[in-house]
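First chain A sits with chain B, and in the next complex the same chain sits with chain C.
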Partner chain A sequence: MFLLALTNGLVIGIIYALAALGVSLVVGIMNVVNFAHGEFYILAGYFSYHFANTLGMNYLAAMMLSVGLVLIFGMIIEVLLIRKTYGDDLYSLILTFILSIVLQNTYLLVFGPYPNKPPNWVKGATNVFGQFYYGNQRLAACGAGLVVIAIVYLMLKKTWFGRMLRATSQDREVAELNGVNTTALNMLSFGLGCALAAAAGVILSPIFPVTPTGGMAVALTAFVVVVLGGMGSFWGCVVGGLIIGLVENFGAAFISSGYRHVFGFIILIFVLLVRPAGLFGNREI
Partner chain B sequence: MLKGNGLCKNFGGVAALNDVDISLEKGSLIGLIGPNGAGKTTLFNAIAGAFSLSSGNLEFNGKSLNGKSANHICRLGIARTFQVPRPFAEMTCLENVLVPLVNRSRVGERTALLQEGREILDFVGLGNRDDILAKELNLVEKKRLEMARALCTNPQLLLLDEVLGGLNTQEIGAAVDLIVNLSEKRGIAVLWIEHVMGAIMGAAERIIVLDQGEKLMEGTPEEVAHDPRVIHAYLGA
Partner chain C sequence: MAMLEITGIDIFRGETQVLWDISLTVEKGERVAILGSNGAGKSTLLAAIIGMLKPTAGSILFHGLPITGSRPFENTRRGLALVPEGRRVYKEMSVIENLKMGAYPKRGRSRMAETMEEVVSLFPILGERREQLAGTLSGGEQQMLAIGRALMSRPELLLVDELSLGLAPVITKEIFRVLMQLGQEVTILMVEQNVEQALKYSQRAYVLESGRVVREGDSRVLGEDQGIRRAYLGM
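And now, the complex of A and B:
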């Protein structure tokens, strides 16, 4: 029981961290809270379902293509909608909230109300710790999530683009004075945030089939993780995701599975009482 | 190289800059002084593109700067430092100077940048601090880093905002030598806001005095030091 909860917690935690990473990136660099984050996640799920099941593409190619399309879609959204709102955070908040409702209803109209599930990558289950069998698809999703998180980390730490992103998130005005084209960087980072939502979407949709409104739960969890870990902090996302994943699953296993999500919120409240900026946050709120 | 005519900037009803003319030649070292609130930093912000002017014309090497974004102006060859150093605190010194270096390089040339970044850090006296996070530097080092970062944009015009504040006599001497060196050896024009009068009067070729958003006078350090209007502006009645 303990080991099962631990495994579940770690797997789900990694996945939460992945879902939150895009939100955190966009908050950290652009100071925009993307309420439509979950809808980009769902869109990628639908794309990968239709590319793989309807058009018969290889699942890996379908996933890559979906993430790429959502990246471009995100950049278009930034240029058309978000770019006009810089300087007033409230406008982008309202705008992405409306976008989320519009997208949900569009999905309902276009893709229908029924859950869609892209094909599994792997079959069967593996015996973990010699104690219980755990679905291979979940283990694979956890592995894929770790890979994406590692890629994001390396991109931020080691690449030229990552240095520009970090510089801009630390001091936008000074970055601009050092030749960073922050307008272009905003477009790319919003697109990247959406692509991270999409990566989470294509990795998770074989396990949790997508529905038009399924993005809300994803986005809510992502926001909880980001606030817990600290706005805009990479390690905050990873640690926050793991904490929420573990707490929820231990709570569900040993107290009551009906209150699964409540445990995460209780931890959030306690952390915010002690550290209002989140675990790794250093911003004044 | 830099020409500004009739520069005005209003914040609400307050004229922070009122009809200021400015002209700088290549390699010149010009001091910018004036009491608090005279509009010195506002003039810097206007030149560096932090905001647009209410009216007036700014030209740099024959190109208009009006309405250009700050990153564009940086690429044209104007760099500035801040009175309170603003390094990218969570990045190492080397990474700090890489930001401007990357932005003026082409994709193929980037492997040489690490070397160039180290050389410039060496030049300002941060040679052994490459891998230290900027937030761990002391004030003098942060000011040097600020200078190094500005130099990495490869400027033709450097706007220095009170680089000597908070330094001791010995550190002031070293900093002034560095700035004079930049202007004489590298041909970089320097426009320099400073409250440490002894230093700027000794180093600058000409001094521009601002008071309440207007240009009070411009002249050699001797002329400025003996002008009754300047004395009045600084000391009151």
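And now, the complex of A and C:
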């Protein structure tokens, strides 16, 4: 039971981290909290379901295309809705909240109320530690999540784009003085934030099928992870995601599965009492 | 044609007018200082030149091309660079990454390695601390880094805002001395509260008072002017 909870916690934690990275990126760069984050996750799930099941595409191609489309959709949203709100964080908060409701109802109209599940990538189960059998799809999802996180890390640390992102998140005005077109960067980073939600969506939807309102829980968990880890911190997201994943699964295994989400919130409250800026945060709040 | 030619600009910060009808020129290779007391509008003038504030009247020409109302990133790509007041290095990035970030515009990126060597030879301490986070540097080292970062874009016109602010006099002197080594290809327009230093290290100067240019001329002549000495040097 201990090892099973550990495995579950790590697998889910990686995916939480991935979902949180997108939120954290957008908060760090643009100071915008994207309430519709979960809806971008769901949209990618629907896309990959229909590309693979309805159009018969290869599952990998379907996933890539879905993430790409959500990236573009995110950039369009930034240009049409978010761009006008810079300077007043409250407006973007309200706008993205409305967007999330509009998207949920659009999904209900277009895709219907029933859960949609894209095809599994792999079949069967693997014996883990000689103790229990664990679904291969979950292990594959964990691996895919790690790959995406590693790509994000390398992009942030090794590329000009990543350097621009980090510089802008530290001092927007000075980044502009260094020749960064921060207007264009906002559009790209909002799109990238949505694409990370989409990546989590296509990876997780074969395990947890998507529903029109399923994004709420995803976004909520992502916010918890971001606040726990510290706004705008890469390692905060990774460690925060793993902590929430582990705590939830150990709590569910040893105390009660009915209170699964409560455990994460309790940890969050304790961390915030001691470190209001989050584990890796250094911004004043 | 002057490198920088400002004609009759007015600047507002919010509702308040901060600069009135400012005109000034900077020739290629010159060292020009803008002097004035706190709140005279010196930093505002630099912010307007680099594009952080938009003039409501007048024009700014760089090599004869109008740059009035251009954004800072466009002006940096054109060959201007601002060393901001208070240094504002990227505290959570290493020294080397701060310098690389300065080389982001194409003009800097194509010659990054070469410029990096030049900057490190100007400020050897930056080479010694290359992997250190910029936030852990002393004030003087941060100022050197801020200047180095601005130089990484290979600017033709370097705008320096309050270099001496919060630094020990001996450090300020050292940094000024390095700036003077830059040679003719970098033109410098500096804003300084430390009038004595500014006059010493510039050829010409403008004196701002409550948002207007009240005096201009040769730095040596201004330094000997009784009115200036009484007002700014306390003698």
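We adopt the following convention: the second predicted complex is superposed on the first by the 285 of 285 C-alpha atoms of A that agree within 3 Å, B and C clash if a C-alpha of one lies under 4 Å from a C-alpha of the other, contacts with A are read in each partner's own complex, and residues count from 1 in each chain.
By our rule, a contact is a pair of C-beta atoms (placed from the backbone, for glycine too) under 8 Å apart; a residue touches a chain by one contact, two chains touch by 3 or more.
This structure is a prediction, so every number in the text was calculated from the model and none was measured.
On the shared subunit chain A, the superposed partners chain B and chain C overlap sterically. Contacts of A:110 after superposition on the shared chain: neither chain B nor chain C is touched. Contact with neither chain B nor chain C is seen for A:55 once the two complexes are overlaid on the shared chain. Using the contact criterion defined above for the overlaid structures, shared-chain residue A:180 touches chain B and also reaches chain C. In the superposition on chain A, A:90 makes contact with neither chain B nor chain C.
Contact with both chain B and chain C is seen for A:164 once the two complexes are overlaid on the shared chain. Of the residues of chain A, those at positions 160, 163-164, 166-167, 170-171, 173-182 touch chain B in one of the two structures and chain C in the other.
Only residues 50, 52, 71-73, 76-77, 81-82, 84, 88, 90-93, 97, 100-102, 104-105, 108, 149, 153 of chain C touch chain A when the two sit together in their complex. Considering their complex, residues 48, 50, 69-71, 74-75, 79-80, 82, 86, 88-91, 95-96, 98-100, 102-104, 110, 149, 152-153 of chain B touch chain A.
Looking at the complex, you find that chain A touches chain B at residues 160, 163-164, 166-167, 170-171, 173-183.
Considering their complex, residues 160, 163-164, 166-167, 170-171, 173-182, 282 of chain A touch chain C.
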